[in-house]
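Each of the next two complexes has subunit A plus one other chain: subunit B in the first, subunit C in the second.
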Partner chain A sequence: MKCRRGMARLLEAVVAAIIVATALSVSYFYLLPANPYVIRGGTDLEKYGFDTLNTLARQGGFDRVIFDASGEIVPNWDQQMRVVLGSIFPTGILFNMTVYNSTISADRFVTLTPLPTNVTISNADASAFLNAGQVSQVTFIYTTKYINAPGKGFYVLVFDLQLARATRI
Partner chain B sequence: MDATFEYIAAVLIIFIMLGFTIFTVTSLTTTQLELLGEQQLYPIAQKALDKFILTRGVPSDWGADIFVNSTNLLDFGVASSVPRTDTYDLDANKVMRLVNLSTVVNRLYIDPVVAGTLMGLFQDGRWSYGFRFYMVPALNITVQVLHNQTQRGISIPDQFKVHVENAQGLVARNAEVRVRYFDLYTYVLKGTDDELFGWSFLDASGTTNYLGDAYINFSSVPSPQIIGEPKPGQTSETFLLMVQADYYGLQSNSFYQTDVLPTVNLMLEGQYLIANYTELPDLPKSAIHLDYDVSVLALTNNLNLIIDPAVNVTGNGEADKVLNTGNKDLRIYQLNNTIGQDVVLAGLIVTTRGRSYFALASRPILPVSVDYRSHSFPSAGLRAVTIERYVHIGRNSFVVYFTIWRM
Partner chain C sequence: MGRRRGQVILMAALAMALLIFSVVISIYSASTSYQQMRYNQATETINNLREDFGRALIGVLAKFTQRYNETAEMESPRILAYYLFSYWTRSASRAFAADGVQLNFTLSNITLQYPGVFFGFNLTEARFTNNQLAKLFWYTPQSMSVVSASFDANLTGQGFYGWHEDALFLLNMTLDVPSIHQESINGTNYAVLNVYLNREYGQPVEDLSPSNFNIAYFDSVGKSWRNAIVSLLSNNGGGSYTLYLLNATGQEIPSPYYKYLLVWAQDTRGIIVESYTYTYVEYTIQENAIRNVLGPIPKPDETYALETLLNGSMLWFNTPLAQSGGFVPIPMPPVKQFRVYSTVNGPSDTNLVEIPSQVEVWTPDYLTPTLQFADWVRRFDVGDKLVFLVNFANSSINQQRVRIYWLFDADAPPPAYRVSINSSGIYVDINNTVYTARLVPNQGNSWAVDWTISMYYGSYHAEFLINGVGWVRMNGGGNWIPHILPGGDWNVLVGPIRAVAYRASADVMRVEPKPGGGANDLLQLVDSPGAFNHTDIVLIPYGTKYIQLYEDITWRQTWTDHRYYSFLTMISGTSSDQGSAIRVTNWAHQRTDLSVHSGTYSSSPGTHDIDSNFMYWYGQYNNRGTLGFGEAVLPNLAYVNAIKGLFPGSSRLWIWTSADFARRVLDSLAYMYDGDISHWMTIPAGKRVSWTAGIWAYGGNGYGDLDTYYRMFVEAYYPTIVNITGGM
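Up next, the complex of A and B:
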């Protein structure tokens, strides 16, 4: 009789300890963030992207890349844009840009039409962005100011830029 | 088995298992918290840099106000105090307060401890975080003389190669290069003893090729345009090539001088030009004519020349008390008109031994505009975070690298 009571209590103690350890281990996985490496850097990329686009825009950089002197879109503007962005963004920053021409239709709806491209304005393929962990997006609206062609007026361009870091931060 | 031993064994088992669990969870949590702590440097760096370059400080025009110094600066920030400027526009005067040259001591230099305190990085008498604010022009422009021609008995460069790179060291192809070639000269008209000053210039432009080079050729060089008859032998010339490069909106300036006068070092601080000149062993100090009122030549980032009279206030007035370090070779000149944000060069014509030189002060300083830090670089292995931004002073673009680390 004494041996059975003692053995039962021993078993109780072991089971209780296992339950406590399991509960602590499970709660540990729920308390910690999934990937601390990328959650802090997203805001920095957004600010950096906006700052870079603003710098290019403020003195007519976009006008020079996209349009010619007569206000027409240059055929290889996308290749030029890719070269310019590739030289401005430092090594290790992935970028992908799409440019839309914003127009107002007859029934007063805003229409975004992508500018014609032959190449993607990007320095990496989609899989690189997926592996980066977090992608920041910047939307920048720009009204051209350096085009002075008769009958052309101005363009309202919407720049959609995605940025990511190629390496873990 | 005796029940007592069974109870003891049970308790021991419980303690061992709980202890092992606590130890394992604690060590894993500590490792992850260290990783989180390192990643927290990013938002701290962003906040500190936003404070640095997006806020104006208090008072908002502390850069040009020589009576605001490290002891009475209420808040720190180098953003432009001009209303309705664009984001990331900096105030050139505030940027100059972060520079201390070996050639000209800056009495208006803001101590990094003060800046750190106002940014929250220096607290309770110790640094919580170390920082470094490093700013360079967005385009690195170098000028090389390729050919000279002899005119008026002097050898004058007439062909230049302008090389343009971006801040990462990559060549800037298809950058638009504009140059203005100045001839700055002094002369004395017949029948007078007054030394007069004049200038002429020629313009040229080009585009950089795939190597980042633009070749600028002048068929003729600028020459003095003197009205009246100058005294023979008393006309002295010096030449200055001002360069502006524009790479799809990134703009920077550079310059090339034909004659450099090593005896005079200048710094522009707000409305004051501080000149420090050292005496060459065989050159008497009086030959340099720096004790008079002068005309300051200011060149803008659009290659325009502005003449601003300046009064020699050395030894006189409040400005001298603030700016003069007591160096007997120091001269303080107060400009009549406020220097605008687009002025990138200011200088004096210095005449010595029958020749004229143009002593220059660039603003901001070239080639490294600002290297402002709390300490020397952190030791190897210490985690540091660097973020970068494009900023502007006037029309010129600069790249800022802001590094922060835990102390």
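Up next, the complex of A and C:
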């Protein structure tokens, strides 16, 4: 009788361990995204956005699109930027960019002011982003090349780039 | 039964081990997956920050070098650099505020270069960033512009901590000085220079064109630096360029000037670096005033305030020092970079010590100081004089080597001020640590005085009157000397080691007896313009016993007056010290045979001596031992010739005691005073009177000082230049 009670304890322990393991496995299953592609896709969009902005930055693209030789903002820079982004991102990728000029006041307070635009730097309207499968937001800082003009140094620009896939997969 | 139970236990243990192991793996993979997803985003943000940090630093350095190149001073470029840096750091914090970014920036002391030899240029000391955001090491054959900073970043919103980034950006230019040569191509003689440019981590700069270079050569005809034409540029790869240069008119740059080049390069990032093909100009200067004449005697006060011009020539009392051979031009760095060194014990002395120096801004003809006299926020240019004080105290030597350096660290401060200035009532006092020169800077106040400049030494002083002309009969019957004298406000400007008081004016002060006034009442008037134009320049060098005086008078109108024309009158004695022991007691002067004529003053008015055979010095002194006082005028030959030639046969040295307060007077006269109201003299319009002189202060007790040092101020004994070299 004594021996049987020991065996029962052992079986209980095994069963309890199985239950714990099962519970952990189930909870781990729920930890993972419901659709791994959604997460992977979102990360890819972010990376895509960073890489695009980084490439433009390294090649001086922002300087050429936004500023003229004397460091003044080109009047139709927004249209040019839209063309540039439109030529980089493939069909099916929606973009919407806002560019802020960072200014610092005498008391060292920084303000981000959107660069003036005549058109939206986007290839879709706002509702398209609401309906998109994945939407990613990239914040990117860019310091312009030196401005070769008296009294000017450089601009610090902050880019907010929204990217989305046009259809849900 | 027992064996079966053992197997069950074993199996149960194995099952539990497997279960626990699988749970551990599950937890580990879950956490890894979670971190991986977060890490990607942090990586992109950090990459963006570190790359843009680099762009910002490059922008800071570009603007810093450009601003410094324009201003020639470091303060405003450095303020701008820190402002731009702060602008970026705050912008970055603001941009990534949603990610909880925490940025901490630091500056550190990075070793940039160790001592070494670079194409013949010997870098004798290591170069560091000195905990500065940006540093410039320019003006040598090996120059660089550097910016460096570090930051630590946390992205708390993304669970990312502890990123550290060091950033260093630079532009480094090396001139291959030994390779500079002239080369004939298709009949055109080019100056050929090889330069090497690289950036951080030794990366060669490969994308430069002729427009990225600016080369200056010295135009010996125009006596200024001009931009050479970069006719050809050969990119040899690896950051090596060969430049083929012609002068500004497309002609050959003649020898030896093609070797002395100033090179600016600006890379495509906007960063400037400035290099020179030489780092110093060395002179061997010989004094001719004492040792060769008097033998090896101590001469502690034989100190010359020599002036070096842009073309490398040197002046003493505005007279070029004689030398054989060509000059080495002085380059045009910001004037704060200059330092002058000299030997102490002759040219073979291997030890060079820094001697006081400063740069002064004169008119382009080098004849008149300007209001920018002591402005150090500028490059060395036409009209500027690099002034230094070279001493020949050692009794056994008559030559010294003097080396003019330009420091390579752009943070070099301007020389320290050693001459001081004070205002006291209507007076301005300039102290050179040996004596104090006093004058009345504003004309309105000058009406109260009948002297031009006063020199205080020890506890006493003497006054000096320049160009006093004519006299008037006062209402009481006495005569007032002079009738007219130069007027106008003085510009008083102090530099680190030499001060100047100067005026260029047509204002002339005139004294007339006051109609209906008392016996001694006078009207004191200012004629503007008056009878003559005058330029009066008083230079006060640090630590010397002398004032340098330059006088230039041009008579605007024919002037007739009673007979008295003084070039430079010396007066001592005031109402307050009449009868006291501190007064001067003796006078002495040199005669044309270079003998000394001396005597004593009395306490009653009258003439002590009138001498037409005066020569290079005249002075007053007393014999009070350690309390002794003496001052003197040490004119040059031009002065003697001018004073004797203005009214031939009428010049005299008149030594007398005045009626008022028994003043002691030494009058150096072109026309002797005779007190006869029926006698006249006339100075024709257009007559020019120009001379220089030294005024000397010493401890009295005889006239030995004067008879020893007067030759310093005489043209025939001016220093000469024995040798000039430029080197690295």
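Everything below uses one rule, namely that the second predicted complex is superposed on the first by the 128 of 169 C-alpha atoms of A that agree within 3 Å, B and C clash if a C-alpha of one lies under 4 Å from a C-alpha of the other, contacts with A are read in each partner's own complex, and residues count from 1 in each chain.
Methods note: a residue touches a chain if its C-beta (ideal position, glycine included) is under 8 Å from a C-beta of that chain, and two chains touch if they have at least 3 such contacts.
Here the structure is a predicted model, which means the values were calculated and not measured.
Touch criterion met: A:Thr55 reaches subunit B, while subunit C stays clear of it.
Of the two partner chains, neither subunit B nor subunit C is touched by A:Asn131. When the two structures are aligned on the shared chain, A:Phe154 is found in touch with subunit C, with no touch to subunit B.
Shared-chain residue A:Thr113: touches no atom of subunit B or subunit C. In the superposed model, A:Asn76 makes contact with neither subunit B nor subunit C. By the touch criterion stated above, A:Thr139 is placed in contact with subunit C alone, subunit B being left untouched.
Using the contact criterion defined above for the overlaid structures, shared-chain residue A:Met7 touches subunit B and also reaches subunit C.
Counting contacts by the rule stated earlier, residues 3, 6-7, 10, 13-14, 17-18, 20-21, 24-25, 28, 32, 39, 43, 47, 54, 57-58 of subunit A appear in both its interface with subunit B and its interface with subunit C. Across the interface of their complex, subunit B is touched by residues 2-3, 5-7, 9-10, 12-14, 16-18, 20-21, 24-25, 28, 32-33, 36-37, 39-41, 43-44, 47-48, 51-52, 54-62, 64-65, 83-84, 87-88, 90-91, 169 of subunit A. Chain contact summary for the complex, subunit A toward subunit C: residues 3, 6-7, 10-11, 13-14, 17-18, 20-21, 24-25, 28, 31-32, 39, 43, 46-47, 50, 53-54, 57-58, 102, 104, 108, 110, 112, 138-146, 148, 153-154, 156, 158. Residues 1, 5, 8-9, 12, 15-16, 19-20, 22-23, 26-27, 30, 33-34, 37, 40-41, 44-45, 47-49, 51-52, 55-56, 58-60, 62-63, 66, 80, 83-84, 86-88, 90-96, 98-99, 269-270 of subunit C touch subunit A in their complex. Interface of subunit B with subunit A (complex): residues 1-3, 5-7, 9-11, 13-14, 17-18, 20-22, 25, 28-29, 32, 35-36, 39-40, 42-43, 45-46, 86-88, 138, 166, 168, 170, 172-173, 246-251, 387-390, 392, 395, 397.
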